[in-house]
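Per-chain numbering from 1; labels A, B, C, D and E assigned in written order.
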Amino acid sequence: MTATLLQTRELTKQFAKNDVATVALRDFTLSIEEGSFVTVLGRSGCGKSTLLNLLAGLTQPSKGEVRYRDRVLTGPDTEIGYLTQSDTLMPWRDVLRNVEMPLEIRGTPARERRAVATELIGRVGLTGFEHHYPRELSGGMRRRTSLARLLAGNPSTLLMDEPFGALDAQLRAELQADLLRLWHEGGQTVVFVTHDIEEALLLGDRVVVLGKIGAILLDRPIELARPRNADTLRVDPEFVALHTELAAALQEGAR
Amino acid sequence: MTATLLQTRELTKQFAKNDVATVALRDFTLSIEEGSFVTVLGRSGCGKSTLLNLLAGLTQPSKGEVRYRDRVLTGPDTEIGYLTQSDTLMPWRDVLRNVEMPLEIRGTPARERRAVATELIGRVGLTGFEHHYPRELSGGMRRRTSLARLLAGNPSTLLMDEPFGALDAQLRAELQADLLRLWHEGGQTVVFVTHDIEEALLLGDRVVVLGKIGAILLDRPIELARPRNADTLRVDPEFVALHTELAAALQEGAR
Amino acid sequence: ASRGSSTPTGTLNIGQISNSVAFFPLFIAEQRGIFAEEGVKLGDRPRLGTGAKVAAALKSGSIDLGAGVVTDAFNLAESDDGTRIVSSLVSEYYVDIIVATSLDVPGDGASVEDKAAALVGKKIGITGPGSGTEALVKYLFGRIGKDAAVDATLVNLGAAATSAVGALKSGRVDALAFFQPIGQQAEAVGAGRIFISPARGDVPSMRGALHGVMFSTTALLDKKKDEVAAFQRAMGKALEVIHGDEAEVRQLLGQYLDKSDPAAVDALVPILRSEVPSTPDVQRDAYETAKRFHLDSGLVTNAPDYSAVILG
Amino acid sequence: MTEASGVITETAGNGGPVRVAVPRTWWQRHGTTTTVWVLRLALIAFVLVLWEIAGERWIDITFTSKPTDIVTRLVEWAADGTLWLHSWITVQEIVYGFLLGAVTGALAGFVLASLNLLYRVLDPFIMALYSIPKVALAPLFIVWFGIGMHMKVLLAAATVFFLVFLNTAAGVRDVDRGLVDAVRLMGGNRWDIARKVVLPASMTGVLTGLKVAIPYALIGAVIGELVASNRGLGYLINDAAAQFDTAGVFATLVVLSVIAAVLNVFVGLIDKRVNKWKPIND
Amino acid sequence: MTEASGVITETAGNGGPVRVAVPRTWWQRHGTTTTVWVLRLALIAFVLVLWEIAGERWIDITFTSKPTDIVTRLVEWAADGTLWLHSWITVQEIVYGFLLGAVTGALAGFVLASLNLLYRVLDPFIMALYSIPKVALAPLFIVWFGIGMHMKVLLAAATVFFLVFLNTAAGVRDVDRGLVDAVRLMGGNRWDIARKVVLPASMTGVLTGLKVAIPYALIGAVIGELVASNRGLGYLINDAAAQFDTAGVFATLVVLSVIAAVLNVFVGLIDKRVNKWKPIND
């Protein structure tokens, strides 16, 4: 449980346009332990998605490097699953075939991948919508389909960019519980970006608050006892103290 | 303040595909007073966006009708502004020109629309990004650009589908305050879809909770004193009671 | 339904099928300023490729005179009885049968029937269906009791020399029936040799047939009487030039066919002098020979009487 | 709008979405198609009648013929077999030429569009080659490929190739990066990306390429037959034109148009199949 | 990747985004373009040398000519003015034909693609018309439009029209409904939608249409000149072919290719301009 899985060193990403570049992330250094659940908080535009893109190997850093299991990451890796912030479902595939896709690429036999996909679709509450195309789904349903697709790939590292932002409280609670169960049983490593301080505290065993261009404003372990329950937690003094601390850190980042 | 502005009668929307139709909304009847701030809560896929599309005149009902100022609504109306759930920024226009667009269509002179747009871009915290194209923005920044564009149209009725879902707590609070100020000063009518019970209570003077296919599970006025402050509200017993009531209604809708 | 001429007074637009040797007199008259001397100006001189297009151009009034072969005039006469043949430019049938060098055929001394028999079963390139080149093959086959459509494979190659010589040289066809100077060009590059040449006298029954002509319709001619008369005088002078000093003719022809192989041009000069008539007026016997050939070969089903179609 | 319906019958259970049966009348099902066909036939009838009347009264039919003459010619040709013989040959050339050109064009489009540098280097040469009028190259085609069917198939394929190639390449270069990245994240290789993202995403381009290429398969084959042939519809046109038989020329053109329409229906069917996920325009 | 840079200098203030100057070397700026041009020139040189050697040793240059002969002919024509006279005429026909066909085609594409029923009714007729080999209609073109420049411009325009029309229509039918709705919400009318959404969104289609149409503007004009001409590059080809002057034929084709390449550069510039918002492929 203590081996370093993901590591970034002076990671910098800037987007050049003619002779000027917009800096999205600068000199970002962080180590993530195998099996840990790290939540990332930060203001809009502070570089969270940019960071996840780099951790997933989707884009190449302008400077610095990402190491995964002590090897420099040069491209995507099937061990790393990534739920991106924006929707990347294939519009020409229905829900079932979208969820089957990672298995299809892996060469899983049709029967098996159908079974796995159907099970996952049930888990995200989309039973009955297997043959809907993405454009025939609501925003939250599309998000859930993406989630099912991510899980179908069965990655050992999960990068998630605001996965539950578009979901109602009820569904969000269910899926949070589901994710925690999965993590608990499977020993995955999770990097979870959210805007919701409560969610960050409810899920993570470590929280990182980012400021402008990815400056680390706060990086602390969350030692709240598990299983955590939202309703009881809200009145827990330790939780309230943490909430205040994080909110203050975020506020600082605003300046 | 008491004239009925928007009214739906037995509104039904179903999406046909061959001989089967998926029902998104059925027999939905609701009246919205001029100048009111109505928040809408409901589970993912319950028909909230479908309802807003109908209220905006973007789609035609399968049955029933939408009346706006006592006339049947047959198409979009510039008085009604609509912030859709998914992003509809023009990818070939930079932030400034996207925000200018409603003014451009209205025929506002270039100087004036530049001034208005620049002011609005500042209000949503995007100063410095005027010449970024949408793909060069973060998810939250795109959302804010859409918001600025909506406000540029200066509509007297605002339909908003989860406008602040992708924003951090700090920014969300700022924009909520901004929206309330605008509403307070301008007397607009707002229909605001959210997944966040707290947000619903913080903003609305009426909350509608929708169940499956748009069944109205709860429709009640919120009489919490304004200005409402999130931090003090959280310990207000009236707020807590309302929160519990809404959560219960939502939970009921889940069955 | 023909429209009248669209050209100004004093000007003639002439549509030619091609830049073939038959229209060499036009070049001479222009080059030597003969048209100007006679008081007529040449306007546009489009190359139209086929008789159908020359007819279309005449009907639309965009040209006043068509330069083609007598077949084209016969075809036009079928749909327009105002058709008139204005001048005679060549009074020999200037289509040759050219065979590939490798083809085993009787020598030059053999009779035309023996030569025609050697073509049976061969692939023969022609310009197109309904053309004078096809007619020659049909006529020759008819003389030995064969049917060209059955006893040979006729291949349409269009009017371009490159296609024709290319097909012959690369062995895609065994023989060509093509107008001058394709035969001379094929000989110049060693692709084949002229095997049967009516113009050379190889087919006695076709001797002196009217072939290259200027033609038009009364709808056009009525408005251009003076210009056409001047044109006719100019043609007379041009034909005199061709029958004059041989070196001069060689030099003019070299200019006309400026891109052709000099050997081909050399070969052409004596042939040209023998097939060009001394006067542009259409001679009755030349006309009748041509008419007989056209009807016999099935090239046309009707042909007007001499008196009906000749301007004058 | 097909949403309006009579009796609404619940069909789905509790867990799944709410679905209702919307039985449609014959007219709701086939109304648009019927309207379209009626309008098409009406248009044809109108044009034919106008043409016939104009041919009799106002215009010179030497160059435009008239419908009754054309039909007469078609019936004649159908009866004596001319029609079938020549059409069959041309259809073969068209189909082979189209398939050859479309397959190579689509492949080249997929491959070159993803090799950006190579595409940029070759683009002007491709355009230059493409701009050469095929008729000007007819002699070379004859020398290289003979006067048989091969030559016509290649001539047709040469034109189809460019149209499909350029349209495919444009479609491929317009594919959403996000979708490509999604497949990369799933461990997809180049081939997976091509098959599972680029192909479906660039279908509009590919199909437009196929659609605009159909006529050129025909034109290519016919040009080939005009140049070196004694069979096929191109030969028929040539033959009829030489004999001033305008009705014959138009009769052949009618046959060509019918072949084009049939091929167009095929591409339309593919279009319908691969685009069934798209919203129906209303 | 141009992100890597030396000294990083902050340039933006506090409120705005963080921007840094990334001074690029000459090679970073123009490296790709230079590489592309060097490769293009190398390719040309390679082909020419191969052709020349092949022409001298292995193949029969009667039908393919060889580069030195072609250059000689071009120099001759340039010196005596032939080249400029004929090229100028053809260029005019091409440009007018292209503009006429492209403008009408794009307009028809925009209008018809938004009138779904009409489009469906007309589609087979458009395809049928488009499939008619223009050469077969040459006599009609002459009767209707004469033998002057008009006829050639119209022949070029006729082909360009269809290509631009079909590509535009395909592009228009593929436009994102969400964006159209956004403009409707802003109170935009049909014209606003066409100008502010459909036009920019369908640019890929329109530009592909323009690109594939360029060669056909050339081919159309040349075919027109082959049909009836005493001037222009088509006439030059015809004349050279009739006299068995292969070098002349190829010299003309070279000129045509150059014209096509120049027009292609123009369309490329438009492409770059309207697509500057798109990510650069890397």
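Methods note: contacts are C-beta pairs under 8 Å (C-beta built on N, C-alpha and C of every residue); 3 or more make two chains touch, one makes a residue touch a chain.
Everything numeric in this text was worked out from a predicted model, so none of it was measured.
J.: Name, by label, each chain that touches both members of the pair chain D and chain E.
T.: Expected: A, B, C.
J.: Quick check: which two chains are joined by the most contacting C-beta pairs?
T.: Most contacting pair of chains: D-E.
J.: Using mean CA coordinates as chain centres, what's the gap between chain A and chain D in Å?
T.: Taking the mean C-alpha position of each chain, the two centres sit 47 Å apart.
J.: For chain B and chain C, what's the span in angstrom between their mean Cα positions?
T.: The mean C-alpha positions of chain B and chain C differ by 84 Å.
J.: Determine the centre-to-centre distance between chain A and chain B, using the mean Cα coordinates as centres, and give it in whole Å.
T.: 27
J.: Nearest whole angstrom, what separates the Cα centre of chain C from the Cα centre of chain D?
T.: Those two chain centres are 41 Å apart.
J.: Would you pick out the residues of chain A that each touch at least 2 other chains?
T.: In chain A, 15, 22, 45, 86 touch at least two other chains.
J.: What parts of chain D, by residue number, touch at least two of the other chains?
T.: Residues 17, 60, 63, 139-140, 143, 226, 241, 279 of chain D touch two or more partner chains.
J.: Touching two or more other chains, which residues of chain C qualify?
T.: If we look for residues of chain C contacting two or more partner chains, we find 52, 55-56, 59, 160, 162-163, 166, 169-170.
J.: Give every touching pair of chains, nothing left out.
T.: The set of touching chain pairs is A-B, A-D, A-E, B-D, B-E, C-D, C-E, D-E.
J.: Flag every residue of chain C that touches chain E in the complex, lowest number first.
T.: 6, 15, 18-20, 44-49, 52-53, 55-57, 59-60, 62-63, 159-163, 165-166, 169-170, 182, 185, 189, 191, 257-261
J.: Which stretch or stretches of chain D touch chain B in the complex?
T.: Listed in rising order, the residues of chain D that touch chain B are 1-5, 11, 17-24.
J.: What does chain B use to touch chain A in their complex?
T.: Interface residues on the chain B side: 15, 17, 22, 41-45, 48-49, 85-86, 132, 136-141, 144, 162, 165-172, 195-197, 247, 250-251, 254.
J.: Along chain E, where are the residues that touch chain B in the complex?
T.: Touching chain B from chain E are residues 12, 15-17, 178-179, 181-188, 192, 196-197, 200-201, 274, 277, 279.
J.: Would you pull the chain A residues touching chain E in the complex into a rising list?
T.: Answer in residue numbers: 13-16, 19-23, 26, 45, 60, 62-63, 212-213.
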